[in-house]
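Heads up, the next two complexes both have chain A, just with different partners, chain B and then chain C.
Take a look at the complex of A and B:
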């Protein structure tokens, strides 16, 4: 719990405060001026290590990540992404598109790099010392590791919800208002956005009579949805969910899954899950990672009905992992 | 990949049991056609009488297999090849059950013919060829299912064309005989029905073959067979 809480707090903005999100459009240019002064390895992309293993076969033609005409436009584009911890490649040559208004599930056995992958998408890898990142990740066409990008604003646009609920020891209202207050929103805006976010997260009806009760008194499922509401309050376009229901009972899990179905009408949702049936239930597309490599990405129906790769077949049918 | 080994023991056992039941069902269906045709062409009442029993067994086993499939889906949430095997089994049992019903219909005609003291039809040789081809098609489709062998049923539709041609030839011959008065209309219609049932059995064998291709490859050999073609928008 403590470590997860630190993770969540760690992306609070350092002074000076970034440009308030409410003053900026929700588009490509809204990642602001970076408060990050160091030169990140990704700001000057270099080719992968010559000693690195070759790209995996994706089994879907020369451009398996190409979007068919019917797919929504891509909001995050990952190209030739490599992540190293020392000399060990945690992710190898990942190429993936994440589309708007789609749920993408990332599945794979423990240690395959699922969590690392989503943490690269909003630069959360920067808070994990010792990780070296190479390649290109673009949010709406903008290199998220570029010098001009403010990681704090990036993390508002690309919000994250963790495996265990990371509620702050504050009231329900103040938990959701937290990011808004950091953005120095007016009282009216805070009030409106808190209520709106709680409604979007499907919590308002349950909690509207006492928004000032301590968030710590909520059930696990409510706490997790509160975390989603807190992420929604600062106008994200993408939600990253790292095994969001692994600590919840079936009923609370179902509520979160129902919520994802609603949220994808407006947001791109990327969910890491160990539960393959959950991926099958909630995701439009599913990506299978194994030993840091993207083995296959496809429509969820296709991947669970007739995967192209033997390795995927073995994994989804429970023959290993 | 050290850890790659079967781990879903309960699912594997369930699939194995399903496979055994499917083989038994297929054998019963094949047996039913052979007995029915034997009963007709050899004027062998005991053979024809067995078909009714076989048909009841086929129906009962079909119900068992359907329950097997529903249990496997409910308890194990199968995907990929496991799911395709189960859904294909669910579809094929209907084809095999229909084959059993047609066999029973042929056997009933055989018994009726013998009750009236009629000799086997003049088209005995052609009917024998037609039934041999039909039984071969059912056998090929069933073997393909049990062996997960898509290649062996790729050309099953060609056999079906041969059965259709035989049906057309026998039909014309019987109509001609009825027209000339050398065959009573009642008997002629019964033989036409036998041919029609064999032709329908061959169609079901083709269905089974195509579904086996889907089960093994995940791709449908023709439009309209298998879930992949069912709802492209959905």
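Take a look at the complex of A and C:
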């Protein structure tokens, strides 16, 4: 095993939820068990593990919404996504690609469906009662709403940070270790990954003297970065952030934004913000959402300086919102 | 008595001294806190009345002479009353602690399972029905539980359940013992069983509310980290509700140890070191109830019963205080009292 592979696979998933026999092997292979590779860290007796690459099916290249070849490969592909709350469409016909190693911002006035959109990406919409999700969302070519997909593994691949810091009333260490403990990692692995995640989140230097202090004693900005560290610990590929700085002061906001630049080297970062300056500062691409519809998505610079749609123009120039 | 002056209120007419500076939060003593609690809610006076009552009984009891080493022992022989008689609370205290302790152990397991089902797993209608059911259970008079246990459960316990338990589990301490101990079915095990049912409403209600009080954001954070529903219960909800859950334990224990009627009807009224859980026992509360009539014939017995009551009062007071303190977060602002 190469070092890189070792890295990916040092994460031993929990035994997956039972996979229905009818499950497509492709689904079973990735989100149903372990991701990113045909090699299984834990071999399961049921579905044979094909070592062939994932089937191309709806890859970015074959789709009519494909981005130019120069763009990094897309990790999440949203097609014809509708979300209904009863008879009300919260999201209508969203088509969107999220690329690897990029920060994508989702902007739009409050209530336009930004939170709902990113919550569909890791199936957190299932937690809110009364929402109906239709359409397709693919994570690395797999339909995340497929029957064989284990939402538990999906959520570790597609991590999420909420609007307000949601630290557990545990120590700093245990907060970061939370997801690792779910995976029953060994003590050594937990130890290294906690430290590593804290370093990635830029918190280690500040907190290394006492990792066992209660996380509730941290400042709001530190708590939010701790939430990021906590999500990073389980080895995600995508990080969803829902207005992560809306409850932070400017200097804490600055720190989180700096962190996003670091994170995009390794992760796909999707950030919801109602702060257009923030989108302009941190995002490579920006999507403008209005009343549940995707109005425009483009390189951030273009979207702000030379939008194609009138609606986008009036929003980014502050005429409403 | 006037309420304590708050900041910005002028001192009463005729006061010559400057009002004392308002203490900063750091040097507010617990006494001051307590005073504020008393002023803010008259309910807070209840503990004071209780303490006064305890003090009064203590004063009265100090005229009694039974609090000696023999009182805390197990030797029990008060007939004929006189210099040679002895009144040890030992077996009664043992019975009380044993029945209440076992009942709370069973009730904790069952209540936790029910509270988790109600809050997390059951569909809304089912959880409302289960909630109603447990709440109704709380309203059943203990004498009804007693007669139910005596008429319906006792024969079943004596003929079927206890003999087969004894056959199967004899190797566990308490579940073996002599066959004669089973008797007609009344005994410690039956008392424990009925007590468990009687404390389940309170333990379930308190656990349910503390599990429900865990913020939704924490639950979502757990799910977003890849926790399953059960793992969220296990690693987010239960730890965050730990205080309420242990509070429920104390409140339930207080309820169980104070129960007299049902226990008196079911425990088999035998002050002894029970040879097994099937054997008869006695508790402090049920003994007081049983002997109330004889106490009018033998004045010394009345004194003993008062002392028993005093011990019981102190135990329940302490246990309930701890329970209330642990569950203080659950009380709504409208009912703020001493502990919130």
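Quick note on the criterion: the second predicted complex is superposed on the first by the 258 of 321 C-alpha atoms of A that agree within 3 Å, B and C clash if a C-alpha of one lies under 4 Å from a C-alpha of the other, contacts with A are read in each partner's own complex, and residues count from 1 in each chain.
As a convention for this text, a contact is a pair of C-beta atoms (placed from the backbone, for glycine too) under 8 Å apart; a residue touches a chain by one contact, two chains touch by 3 or more.
Note that the structure is a prediction, hence the values are computed from the model and not measured.
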item: Clash-or-fit label for the pair chain B, chain C on chain A; value: fit
item: First, second, both or neither for A:81, with chain B first and chain C second; value: neither
item: First, second, both or neither for A:232, with chain B first and chain C second; value: neither
item: First, second, both or neither for A:96, with chain B first and chain C second; value: neither
item: Partner, of chain C and chain B, that touches more residues belonging to chain A; value: C
item: Contacts of A:263 with chain B and chain C, given as first, second, both or neither; value: neither
item: Minimum distance between Cα atoms of chain B and chain C in the superposition (Å); value: 32
item: Shared chain A contacts, counted only where both chain B and chain C touch the same residue; value: none
item: For the chain C and chain A complex, residues of the former touching the latter; value: 217-218, 220-228, 231, 235-236, 239-240
item: Of all residues in chain A, those that touch chain B in their complex; value: 276-277, 280, 304-307, 311, 313-314, 316-321
item: Touching residues (chain side chain A, partner chain C) in the complex; value: 122, 124, 127, 152-153, 155-156, 159-160, 162, 164, 166, 168-170, 178-179, 181-183, 227, 230-231, 234
item: Parts of chain B lying in touch with chain A, wherever the complex brings them together; value: 1, 3-8, 11, 77-84, 217-219, 227-228
